[in-house]
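Okay, handing you the structure first.
Letters A, B, C, D, E and F mark the chains as written, and numbering starts fresh at 1 in each.
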């Protein structure tokens, strides 16, 4: 089995805020991230698919297809967007790096598994860098 | 003369919008950047000071002092902020990478030139990366 | 004046070979680069334009337009190509990093200067990385 | 157990082409990679060995020895070469990133396991970056 | 389960020397690293914690707390220090990258597991880069 | 004229200390850098040569020759060394990044200008990164 990874980037805004808390409590827990004007990041996404390389093409998955799915299912929804205000899964869930990793996994897992070209390959790992200093990784519910 | 550079990073939101244009015109000119919910970036700032190294310390400028000025005059104002909505110089000026370079130059030039520890050193260059793909550089009005 | 830089990448093959020399002489001067099967690199290109930011848009040059010109005039010709065998300027000129910098400058200078959106801006610098260890920079005939 | 990784780089050409297909079919499946003049990359290789650090030296494996084996068994064969035309394992197998990962694993696994200095250490992982955007990882037949 | 990683850097000196060997033997085994004046590196540390994101905060672990523990338990002891001469665990153990990975794991595992804010999260992985070319990873005694 | 740059790296120890000051004064001015056990860095050096590419070879300077001079005149003296204690120019001069840039310029300028293969090329710039956050650049006495 080979793990094949494709990287992509998007730029988005977000804030951390719990509506059931006071402003003071939000600031105590979330610090500068609690600023409701929002701030943003250049996120780097790494999507890893696992499978056997096809005997004819040498591909675990066609990288052009993988790129198209990442663009359609993630970048078109997240890039140049405000995650809290424009992306449905973060309407009530705080878009921490951890939660973004899970949300992108769910989006890609749904989008990739119906592809004929995925054959026996499976989504194995989603890693998301908020900055070069902080990143989260998710491998699915069963991992 | 030696050029000494210190790098710093901040995360901020912005959008591109000209109030005198229609929404359609803003979208035609600014594309995805015209989304008024805002989007954001991890900006990387490089501040370059030029001067002779001090014969005793070997410093063009004390890097701790330089860091403190960058934090006080730039990071405290820009980091985890929405540039259009919270930073005065972008109330009516679009925070493009070019304009951010000029604005940071002006902030630092004012802050650095009053420092006794700058001695004969001078701000020489401000470079700002919006992403790893795009950056702007400004060397002052006379350059 | 602000310098605005956009980065792009392309992957290409090349070799170093002087037809008027013997194979032994080519190997003596060019070492491993003289292998006529070719070898290749991921080139990173940085294109820098200099000008005043437009008072309305804040742009020295529209980055989408700049990207389109880089794609049309450089990437479409160089990317996934063999520089010696497929790119006309290297039919008789060895595609060293130095010569690639000059060739890309000439292509972009011709392509950019006819753009209305360049207004008063001018191509200022072309930098090309052959690897992270080696890069060449060209600023035009008059620099 | 500690995983110890050493990185190396090489520059090579390749193309994607299936001799049993028409040119049109090759272009449909492989796109720009089907150009038979070849194109190239700066590959980055990460070789990971797993084992207990030696109580006296603190080494899982002597890094100088590991470097020598990588140079002898991989770089001397792949660097500044055309993978399809000069490297035996790609005479009939397409040198996709996935297949390169497997081929390098096999080369290193054979070369490393006979080393006395590997003691109880074992090759654990080969990761190969074709570009910063695309990489493949292989952990051996049994992984 | 999500893996959350925070990166940190420190600069330190070290040398490789076995007191029970002759100088010649130290040089034969450790090469340039045997220079007892010491040499140094900018180490990059990646600390990975595994757990379920908290339903309210979205955090596996509060990153500010994690940063504080890394600073207190690792950076305050290692940064701008000579590892052999100033850090107790390397008084008799050679500070190879492998041994530094284990030592930092032990420091952080002790410091993190007593934190109330770690809740169900656990230290999962310590990765340490001596240079961009060499890194070691440790996942604990039971891994 | 083309600027051609080659990068190299070395790892070294140093400290900042002025013998004519008290320990307290050294610590006040130099902070953590005043630790006389020393600390260290992975330095990245960029050496830039300016000239016309040769009409036959396409080289401003032969990169193998440039690499050899950098190794002989800089790396053999600085790499895996304690700058204060083993490198003559820092016996009485503090090895700040600024002073290292000047010292390497002087070493390379002497070494390069006697090379026949430099022809009309000249050393144009030395840039030295102490970390990714801090770098100094020197262009010679007349710049």
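Descriptive notes on the structure:
Just so it is clear, a contact is a pair of C-beta atoms (placed from the backbone, for glycine too) under 8 Å apart; a residue touches a chain by one contact, two chains touch by 3 or more.
Please read these numbers as outputs of a predicted model, since none were measured by experiment.
Within the contact network of the assembly, the step distance from chain C to chain D comes to 1.
In the Cα superposition of chain C onto chain F, the rotation angle, rounded to steps of 5, is 120 degrees. Legend: contact pairs of C-D compared by residue number with C-F, E-F or B-C; the interface matching in over half of them is E-F. Taking each chain's centre as the mean of its C-alpha atoms, chain B lies 34 Å from chain E.
For the pair chain A and chain B, the distance between mean C-alpha positions equals 29 Å.
Chain centres here are Cα means. That of chain B falls 42 Å from that of chain D. The set of chain A residues that touch two or more partner chains comprises 132.
Pairs of chains meeting the touch criterion are A-B, A-D, A-E, B-C, B-F, C-D, C-F, D-E, E-F. Taken in their complex, chain B has these residues touching chain C: 16, 18, 29-31, 93-99, 101-102, 132-139, 143. Those residues of chain C that touch chain B in the shared complex are 1-8, 53, 56-60, 62-64. Contact residues on chain D toward chain C in their complex (touch as defined above): 9, 11-14, 32-33, 35, 37-42, 79-82, 85-86, 131-132.
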